[in-house]
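Below: one structure, written as structure tokens.
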Amino acid sequence: MFAVEVRDHIMIAHSFKGALFGPAQALHGATFVIDAAFFAAQLDANGVVIDIGRAHEALKQVLEPLKYKNLDELPEFAGKNTTTEFLTQHIHEHLAAAAREGRLGRPGNELSSIRVLISESHVARAWYEAPVA
Amino acid sequence: MFAVEVRDHIMIAHSFKGALFGPAQALHGATFVIDAAFFAAQLDANGVVIDIGRAHEALKQVLEPLKYKNLDELPEFAGKNTTTEFLTQHIHEHLAAAAREGRLGRPGNELSSIRVLISESHVARAWYEAPVA
Amino acid sequence: MFAVEVRDHIMIAHSFKGALFGPAQALHGATFVIDAAFFAAQLDANGVVIDIGRAHEALKQVLEPLKYKNLDELPEFAGKNTTTEFLTQHIHEHLAAAAREGRLGRPGNELSSIRVLISESHVARAWYEAPVA
Amino acid sequence: MFAVEVRDHIMIAHSFKGALFGPAQALHGATFVIDAAFFAAQLDANGVVIDIGRAHEALKQVLEPLKYKNLDELPEFAGKNTTTEFLTQHIHEHLAAAAREGRLGRPGNELSSIRVLISESHVARAWYEAPVA
Amino acid sequence: MFAVEVRDHIMIAHSFKGALFGPAQALHGATFVIDAAFFAAQLDANGVVIDIGRAHEALKQVLEPLKYKNLDELPEFAGKNTTTEFLTQHIHEHLAAAAREGRLGRPGNELSSIRVLISESHVARAWYEAPVA
Amino acid sequence: MFAVEVRDHIMIAHSFKGALFGPAQALHGATFVIDAAFFAAQLDANGVVIDIGRAHEALKQVLEPLKYKNLDELPEFAGKNTTTEFLTQHIHEHLAAAAREGRLGRPGNELSSIRVLISESHVARAWYEAPVA
């Protein structure tokens, strides 16, 4: 299995609901450094999983609506805890849709899965890996 | 599959038995930077794999008996080569036990596996991944 | 010149005033990974700049009031842009005061300067270095 | 599953054929930092996946013919785009052959797979993972 | 003294003249990850050294003519060894000119110096620090 | 001012004397990742501070007697606390001597200073910078 991975980041505010979160129930924020990895069993005719420029662009587009935002105020996240794990899945869904729709420059069925890894500090990170289909 | 990963470290002394190890047969030491990743197919009601504070605490408790120790002198490691690989499994066993016993704040059967990764320098690391059950 | 440096982090929300900041004028947030370096011309009798445990503790105490906070709501920062640069100086002031008051376990006049470096992402950081006295 | 991973690097020139590559169609170059991971279900009698010194040496030998080269001029790569992905597979093939032939100090059938990960910058990397057999 | 630092990268080919360089006399290449740090004694009215967006943009513009190039073919580098050290100075000159001409959004005389650091691998880097004036 | 920096590492055992060190008074160990930076006001005729291969070799030679050792047993360190700070100075002395004796491939008086930085974990490091002369 081959993979190609690109990195970008966002800086957001949010708060969590639930005693579990302790002090993180207050409005705080995070820099999320995001690594998006695209998996394929075979390379394409150019010898790549997908074009790395396209990969960077696709990740950037998914992150654009989140940059410098208070996630608590985004309608699509209403009633949700925008945890690091939750966001890995959110980004995955958008990247997988881009893959299925051929927007990554390669037929979606030639990509097997996508992994989204978010580093929230030098001591903690989370990721989500799931099929494209 | 979701994962959440936390980092901690220990600074220990040890020696190895076996010609394979060359100069590392002498008493030497290491800083082991440990990343413990917890895997789950689904997020819990709070939107997390497990609480990250709990994850940090669980890892810290497993590492506590090893901190600033000469591993050659710990009875539980008698007759063992405490290689990086060996230690990944040792730490895994303790974390998996904590998971099974519900000490990570979530029913153990909701966590699928744990991966323990140890970086021993900027050019070498080892890991062990196995089911919680 | 000797230096010893320790690392910790905070996750905060804030917003900036001024057209210069573009989208960062909105409420957003950041993970700030902070490296505090303490400089001394000579090592002490133990062979250290200062005890590394004390250094970790001192940094932690300075960061405690900022952890999981919306900096816009802290009275001491009223009317200020809590930029990365601003925060390096804020943390420096508190650490320098701790040094001058001997709370780092060594007479303050034996420490020459302190540098506070904040990494706000994998592509941007800022620092402030100034004398202890 | 256990893994041990070692790191080395090469600095090469190359160019790509195909409109997909845009400006990278011109002769340019890269530092490739390579992490080679060796997987095994069980540790050997010494308590390791393979000797880490052997792993470093094996990777170094595979990289030797590529160091400080213009990959466009190497006969074995004629007509190929030596993309990061392509090179992960190239290195994998050589390491897997070394494993199968027992040149890693352990019977090849005791090693299950090898993953070769190449970091080409602080924002992009690729990897290939496949069985040894 | 305050500093703000931003990161970008280039992927280039080049060769060196001189027996000192051994195998690096052949045409090879490198990924250069570049950190440009801007120093100022005082923050401006916004509370920054310079706008970080401007800093990223300024570095990008200086690097643009070098991206995906064979440095041996650039007229401005004719007869020069484009070593890592040499390139730190080259980039510095262009950034210092931008600072002096007020293109960084702050009067040039309010910036004291610039440091350009290039990481060429995980085990080697070089830097150049000099006044803006 | 120009600088070139190279990285290597050692894995050692040692213990400390003094209540200040708490649990680190016991025999333990560390991986020390060492960055040695060489400073010069001018580049040489080849366009480098010193040959990077020579720099790597010089650092390796200084570290050789320490690799896989229990520092408590080395006669030259008798009665000393081999703290991270102490070791930065020890390595500096040897590298500065190499520089002064022309063993770095450039007259010693053309090198101004050397900085030795030791990372002992992902959250702590120390360094020593002093003139070559």
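Order of writing sets the chain letters: A, B, C, D, E and F. Residues in each chain are counted from 1.
Throughout what follows, a residue touches a chain if its C-beta (ideal position, glycine included) is under 8 Å from a C-beta of that chain, and two chains touch if they have at least 3 such contacts.
Everything numeric here is computed off the predicted structure, so don't read it as measured data.
Trainee: Hey, what chains does subunit A share as contacts with subunit F?
Mentor: B, C
Trainee: Could you work out how many touching-chain steps separate subunit B from subunit C at minimum?
Mentor: The distance in steps between these two chains is 2.
Trainee: Check A-C, A-B or B-F against A-D and flag the pair whose interface repeats it, over half of the contact pairs matching by residue number.
Mentor: A-B
Trainee: Is it true that over half of the residue numbers where subunit E touches subunit F are used by both copies, so same, or is it different?
Mentor: Result for this pair: different.
Trainee: For the sequence-identical pair subunit A and subunit B, what is the superposition rotation angle on Cα atoms, to the nearest 5 degrees?
Mentor: Rotating subunit A by 120 degrees superposes it on subunit B.
Trainee: List the centre-to-centre spacing of subunit A and subunit E in whole Å, with centres computed as mean CA coordinates.
Mentor: Taking the average C-alpha coordinate of subunit A and of subunit E, the gap between them is 31 Å.
Trainee: Can you give the whole-Å distance between the Cα centres of subunit C and subunit D?
Mentor: Computed from C-alpha means, the inter-chain centre distance equals 41 Å.
Trainee: For subunit C, write out the residues touching at least two other chains, lowest number first.
Mentor: Within subunit C, residues 7, 122-123 contact more than one other chain.
Trainee: Going by the contact rule set out above, which residues of subunit D touch subunit E in the complex?
Mentor: Against subunit E, the touching part of subunit D is residues 7, 9, 11-14, 23-24, 26-33, 67-70, 120-123.
Trainee: Enumerate the contact residues on subunit B facing subunit A in the complex.
Mentor: Against subunit A, subunit B makes touches at 1-8, 43, 46-49, 51-53, 56, 105.
Trainee: Can you check the complex and tell me which residues of subunit B touch subunit D?
Mentor: 16, 18, 20-22, 80-86, 88-89, 122-130
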